[in-house]
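This is the structure I want to talk about, given as structure tokens.
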Amino acid sequence: MFKAIWRWIQRFSSPKYFYEMSARLIPWFAVSALIIGVYGLYLGLFKAPPDYQQGESYRIIFIHVPAAWMSLFVYMVMAISAGIGIIWQIRLADMVAAASAPIGASFAFLALVTGSLWGKPMWGTYWVWDARLTSELILLFLYFGYMALQSAIEDQRSADRASGLLAIVGVVNIPIIHYSVEWWNTLHQGATVAKFDKPSMHIDMLIPLLLMALAFKLFYFAMVLVRTRNEALYRDRNRRWVRELITGL
Amino acid sequence: MLKAYYYLLMRDLRLAFRSRHELANPLIFFVLVVTLFPLAVSPTTEALRTMAPGVIWVSALLAVLLSLDRLFKQDFEDGSLDQLMLSPNPLVVLVLAKVTAHWFLTGLPLVLIAPLLGLFMALPDESVEVLVYSLLLGTPVLSLIGAIGVSLTVAVNRGGVLLSLIVLPLYIPVLIFGANAVDVAMDGLPVRGQLFFLAAVLALALSLAPLATAVALRITASR
Amino acid sequence: MLEIRALECIRDDRLLFSDLNFSLSAGEVMQVEGPNGCGKTSLLRIVCGLRQPEEGEVLWQGESIRHNREDYYANMVYIGHLPCIKGDLTVLENVRALLDTRSLSIDAKTTEAALARVGLAGFEDVPGKALSSGQRRRILLAFVELAGAKLWILDEPLTALDVQGVALMESMILEHRAAGGSVMFTTHHGMQLDCDMRSIELSAYSHADWQERD
Amino acid sequence: MNWSEFFNMGGYAFYVWTSYGLMLLLLVANIVSPMWQRKKIIARIKRAIKREAIVGAKT
């Protein structure tokens, strides 16, 4: 029984099978990301009323908040798939982890820059040591650490396992880091800074925000599939299925 | 198992005392860096007190970071690390022995010299005591987390910058709470919360970091 | 005693060997042969459990070594290319340090006798850094002798040894075999062992058709 | 609401449009870079196939 399930998992997690399947999935994710994203942008830019305090500048949150959510989500995906790769030695999981890192890092970067662009009119300066921005910066460093370790180790297998372990250690640390940064922030700044995600948010603002978050997520799924396909091609470059595929092109 | 722990700890301590000139390096670095700040910023008591907790803690962090290499580098280069991994004793225990030795050789000296630096930085007496406690709880965490980082990078050529990129973000909670405890103590406020947090982080690191280090070492050995 | 099943090893995306099967029973000596870079060291490191194979497993007394490390490592000793010698420790301390990781408490007399056998009598208090590379390797020989393991895994044990050193290694292996122990080794130097010896040509297992696997 | 008012964003045009522009830039970069990467990988494998054919023919 257990053996049968194992065989089944191995079959469906083989890079070759994944490569064939993913080709069919990507368009769905990409198209729905595009539709939902455009609709979300339309609602966010045209329909949502201006904020009574921040005027029009608050419209940055339709990018900033989903990007911040995604940067954390992608890190979780990365750590979980790295864990699967290490424990059960499923190569596809390692590939997903490696493919996620650059996307997650760009979300973290986007959240950082939009956060400071939003902050300039609000705080009068581009950078304030706000808890959210500081945590985001640290998260970006965690991504950089992962990618640096991944590229520093020659042997692919060791590189995957080593950087995967780092991602897991990072996940254990993220709540602690987050908590200490929040705590540190309340000490030094008090609660004067208006938070983005206050629960009293107007429904016309909340809907575009959630739509944008969904669009980002679908975009991530599409892109992680594309990148994982690349990883599969590259890592299996000496195997028959890749050779046949390439000669057939 | 306890014997293996004890013998490995003793071996590392003996090795360190055989090359005494290296022994003092992190300590000298620590004092030197702290000394730079009054020169660069301002030697008035007020300015010193404002920056003292942060300066001392950041310097301690960097001193530990620089010394992390000696945790596994030499053993890796001469092959002893392989023998440790082939020991019938659990690798976690051996890792713990090595980390303990590292703490005795870097963390503990930093804790002991800290009162002197408190004096340099014009810290009031009560906060010097808190500084010692916070370092006492915090430096073992630095060694424990650092061990994970070194074991991942020990096989990488020129892994020094990589090590700091990996390890420093993970040090942030300890830095925040350690420095804040000293800061708060200067105002005569209670610091139990901060010290409890550091103790909790230490307990967590003590239970998880050796495991992660053992896994990381096996990954590194599987070249 | 030791069993290798369907082992496959890939390094730097090159297939070194695959579908490697063999077993080693008590009293057997086996030489792993093959040209440079064919994966001899990798094979020995896999057999020790230091390296993870791409596929397959290593069994000790019928059980995977990943599940009974403790028992396996208590009965196996490995020496690799690196000398494992600390320059700042004396010869005696070096041997002790190696034995301590295996939790072996061996009395001073036996240790000194082993050191004398490998030609290091009188060197007990000399620090490792003052030794020649041949002498350092001899410390390892003393360690192998004292480790009391049933299985010896020796990667290039003759490196840096002189004629007497080679002869010593040969006689040690013969004695170990006579006592029912097994040895697996690689060497580029000629080793004349006066006994039945199995050998395995590793390059025969680097199947060119590995691209077949998906 | 007219368009110039819309683009003005209540005086916050620079901050809002830089943010949206950056988002677009990053999304496009995230789409283009794996495509580019894929081309490179395929070219590399093709070269390897060619090289092996030459080596194989010789032996």
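Going in written order, the chains are labelled A, B, C and D, and every chain counts its residues from 1.
Just so it is clear, a residue touches a chain if its C-beta (ideal position, glycine included) is under 8 Å from a C-beta of that chain, and two chains touch if they have at least 3 such contacts.
Values in this document were obtained by computation on a predicted structure and should not be read as measured data.
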item: Contact-richer chain pair [A-C vs A-B]; value: A-B
item: Inter-centroid spacing, subunit C versus subunit A (mean Cα positions, whole Å); value: 46
item: Chain centre separation in whole Å, for subunit B relative to subunit A (CA means); value: 32
item: Distance from the mean Cα position of subunit D to that of subunit C, given in whole angstrom; value: 51
item: Whole-Å gap between the CA centroids of subunit B and subunit D; value: 42
item: Sites on subunit D at which at least two other chains make contact; value: none
item: Multi-partner residues of subunit A (at least 2 other chains); value: 155, 157, 237-238, 243
item: For subunit B, residues that touch 2 or more chains besides their own; value: 222-223
item: Touching pairs among all chains present in the structure; value: A-B, A-C, A-D, B-C
item: Complex contact set, residues of subunit C against subunit B; value: 45, 48-52, 69-71, 73-74, 76-78, 80-86, 88-89, 93, 97-98, 100-103, 105
item: Complex contact set, residues of subunit A against subunit D; value: 45-46, 50, 55-57, 59-60, 63-64, 67, 102-103, 106, 109-110, 113-114, 117-118, 120-121, 219, 223, 226-227, 229-230, 233-234, 237-238, 242-243, 246-247, 249
item: Subunit A partner contacts - residues on subunit B that touch it in the complex; value: 148, 152-153, 155-156, 159, 162, 165-166, 168-170, 172-173, 176-177, 180, 197, 201, 204, 208, 212, 215-216, 219-220, 222-223
item: Subunit A residues within the subunit C interface of the complex; value: 14-16, 154-157, 235, 237-241, 243
item: Subunit A partner contacts - residues on subunit D that touch it in the complex; value: 6, 9-12, 15-16, 18-20, 22-23, 26-27, 29-31, 33-35, 37-38, 41-42, 44-46, 48-49
